[in-house]
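Chain naming follows the written order as A, B, C and D, and within any one chain the residues start at number 1.
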Amino acid sequence: MASKAIAIIAGVGAGTGAAVARKFAASYPVVLIARNPDNYESLAREINSNGGKALGISADVANAKSIKAATEAIKKEFGDDVTAAAAIFNASGSFVRKPFLELTEDEFMAGLEVSGRGAFNFSSAFLPLLLKTVHSNPKYPPALIFTGATASVKANAMMSSFATGKFALRALSSSLAKEFGPQGVHVSHAIIDGVIDIPRTKDWMKDAPPDAKISADAIADSYWYLHTQPRSAWIWEVDIRPYVEKW
Amino acid sequence: MASKAIAIIAGVGAGTGAAVARKFAASYPVVLIARNPDNYESLAREINSNGGKALGISADVANAKSIKAATEAIKKEFGDDVTAAAAIFNASGSFVRKPFLELTEDEFMAGLEVSGRGAFNFSSAFLPLLLKTVHSNPKYPPALIFTGATASVKANAMMSSFATGKFALRALSSSLAKEFGPQGVHVSHAIIDGVIDIPRTKDWMKDAPPDAKISADAIADSYWYLHTQPRSAWIWEVDIRPYVEKW
Amino acid sequence: MASKAIAIIAGVGAGTGAAVARKFAASYPVVLIARNPDNYESLAREINSNGGKALGISADVANAKSIKAATEAIKKEFGDDVTAAAAIFNASGSFVRKPFLELTEDEFMAGLEVSGRGAFNFSSAFLPLLLKTVHSNPKYPPALIFTGATASVKANAMMSSFATGKFALRALSSSLAKEFGPQGVHVSHAIIDGVIDIPRTKDWMKDAPPDAKISADAIADSYWYLHTQPRSAWIWEVDIRPYVEKW
Amino acid sequence: MASKAIAIIAGVGAGTGAAVARKFAASYPVVLIARNPDNYESLAREINSNGGKALGISADVANAKSIKAATEAIKKEFGDDVTAAAAIFNASGSFVRKPFLELTEDEFMAGLEVSGRGAFNFSSAFLPLLLKTVHSNPKYPPALIFTGATASVKANAMMSSFATGKFALRALSSSLAKEFGPQGVHVSHAIIDGVIDIPRTKDWMKDAPPDAKISADAIADSYWYLHTQPRSAWIWEVDIRPYVEKW
């Protein structure tokens, strides 16, 4: 049981979450949170076999009990005095695009359940671990980073579920930045504007140049950059898009 | 039982909601929705005794069944072929201001329950009545108006519950404007930035000029103005503040 | 020579400016400012022959001497104690769309000359006349309204001349609203987002519904509405677009 | 005469400009542009004596001839085939804060002369050098970075000169990003929101923690980070503020 600061990533899948986990795993033990163990098991093996340390936890951020259990599992593994160097909220509601009057209440609320309730549960659970790091003379200030999207600032027709969630997440990030920044926690928000280059999007944009999709590793680099900034010059928000993106 | 178009106002209290109801009651039968009948009973009496027509309904916008029952009550009163000239969503989550780590999950979600789930239920229930009006050659295009606040665009420290709700509501309004505008429904969003002059705020800002608080009647005039705009020149968003407001 | 408050409109052409002039001419003597007398002469005749009062002045807002001469002409016509009920800045730089590296310095600066320097000259000259009205117990508070465009908030590729001007104009409007609002002058900004229905755009959007272009009269109605708002509930910014506009 | 890519920094003074110059001088010959040679002479000496290469040029960005002469001086020093790895526009209009009606036309236009005309001249002159780099297989994509401020997005009372300039600069940066991004040049905009820690601000905020002012070196690190991003994941805008800043 070590007291070394860890990094916690929620929403680990094929793209951004996995890339972020690999990046932070080079410096910290990482906790990988996803609902479905399929999403983190091979990644955890990969990190553990490459000399890093990864703990996969199956949890639903939208369920407070589930996040509480995740916190217990983290303490069991890393000690009650565990601290966090970084907590990255990369979970996202499912992407329902259909006429508003065909949306069920549950479909509409799916975005807010993850990006509202889930982000609350995540922040409530792990801000205390980030605050503990502030006073431990860390190499870098502790960071709480939220992944947004174009829908964080633009709500298109038939996208109300996704956009209400992402707008709410941006509000939460801004409010937390103002409350916890002065306490030494760097809270940020990244607007990812474009298609991420992952297996699922392999066949999209086939006529575009090879780097017309966003590299998940490049997003991870940006998150790492945010983490390493000194507190005298923190960035709250970045917008990340490939060079060819129309906006 | 008349087929005349009605106006539906959710969130009827001492201020904006009541003023909006009075304004629209001069032209339409009005439905007054509030959780607590205390909030609409005297207003309904006042409108009904002044030659208008008001139906008060106790309902919780965040509860789909409750809004479904409200819709049934409306149809019972105004006929199955009832149409709506205007639907105004003025409900608001309670205003909790405290350190984030002291917020319970329910306190945090209070904003999203009303401004997210509630606005979804309200829009789902009453957009069909607004759409019916489009094809009935109405004097003014049907209007769906949402009441926002400074917190719709600015998320201050310790205000995450209110701001996440208001950001989400603004996203919903924008998405609906883009989907239903082309179908003939005027969807708008009003950012009310300042203190509204109601009994509860009587003792606030005592050293300021008498018109330093926003007149609820003036807000109602703006909502009526939005309703009467021709569809070739619709305003989506207005920001309303008193002349002395700092911003 | 009367001391009655006047309305001053700069940028009178076939569309918004003329419609605004007609609207305000129903209540006030109007001053019509354009560089080219062709742009106001028939309009002035029309207003004067319909029982209104219009004074056309050839002036270039971007030229301080020219605006000074306009002010002298106004005082000669309406008296040294003339006051203004409204001043509407509707002038606009020419719309150059070409690759940035092909822009000459003058082409680039054209937007800023009108929307920056011109708006400064206009505001400097006529704010004193608006301030005089504040204390004369006017029916409506004096209004200073600026016409913006989509380019006020979105700077597209190859549109830097127009967008820099419109962004700057929006900044000016916001700064003036904060300084002169508390002094009793209502400063506003209108983002006109869409094609205005004027002779020049007659052949545009031929497959769209007849009201898919913005009615200039409807814009004028909105400006009049802004002027008539009580100061306890002023709108700073409106966005005006036709119901079918994509945004 | 080398064909090595250079970095050009306009607006070299005690703070951000000098820090950026030092940072980029570790990798590139740097050109230091300021109106007053006092602002770059000791910095150029410092860089040249530390193993770097710096060329100071006295030029006024708002004067096209002056920027043309600077371009000639650059070509004379680095060859006609010189290319640019980075061009950083850090010049800023003087900061006039006074009642609007006391502003002279020149005082008002000071912001737009630098941030509008000056940024145009700078971009027109050096984008061709940046474009040449795109095809030379550079280690990092060429970058054009503009320094903004809180006034880039918020126009306060009595700040119209500064804010109109900064709003315009942001519009230019956005328009150029959309035009030149697809051509391989990374155009960015930095909103610096806070007091920069330089000799001139030494006595400001004396009761605040030592890192409550922004470190110019940290800004320079962020600019360098922007330069090194791969083009599949470019950031257009960052907002940089110290952890204690209210916003």
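Note that in this section contacts are C-beta pairs under 8 Å (C-beta built on N, C-alpha and C of every residue); 3 or more make two chains touch, one makes a residue touch a chain.
What you see is a predicted model, and the numbers here were worked out from it, not measured in a lab.
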Stepping chain to touching chain, what's the minimum from subunit A to subunit C? 2
Equivalent interface to A-B, which of A-D, B-C or C-D, with over half of contact pairs matching by residue number? C-D
Based only on mean CA positions, could you tell me how far subunit C sits from subunit D in angstrom? 34
If you average the CA atoms of subunit A and of subunit D, how far apart do the two points sit, in angstrom? 32
Distance from subunit D to subunit B - Cα centre to Cα centre, in angstrom: 46
Mark out which residues of subunit A touch at least two other chains, giving numbers and ranges. 178
Per the touch rule, the subunit A residues reaching subunit D in their complex are 141, 178, 181-182, 184, 186, 197, 211-215, 218-219, 221-222, 225, 229-247
Quick one: in the complex, what on subunit D touches subunit C? 64, 99-101, 103, 105, 108-109, 112, 116-117, 120-121, 123-124, 127-128, 151, 154-160, 163-172, 174-176, 178-180
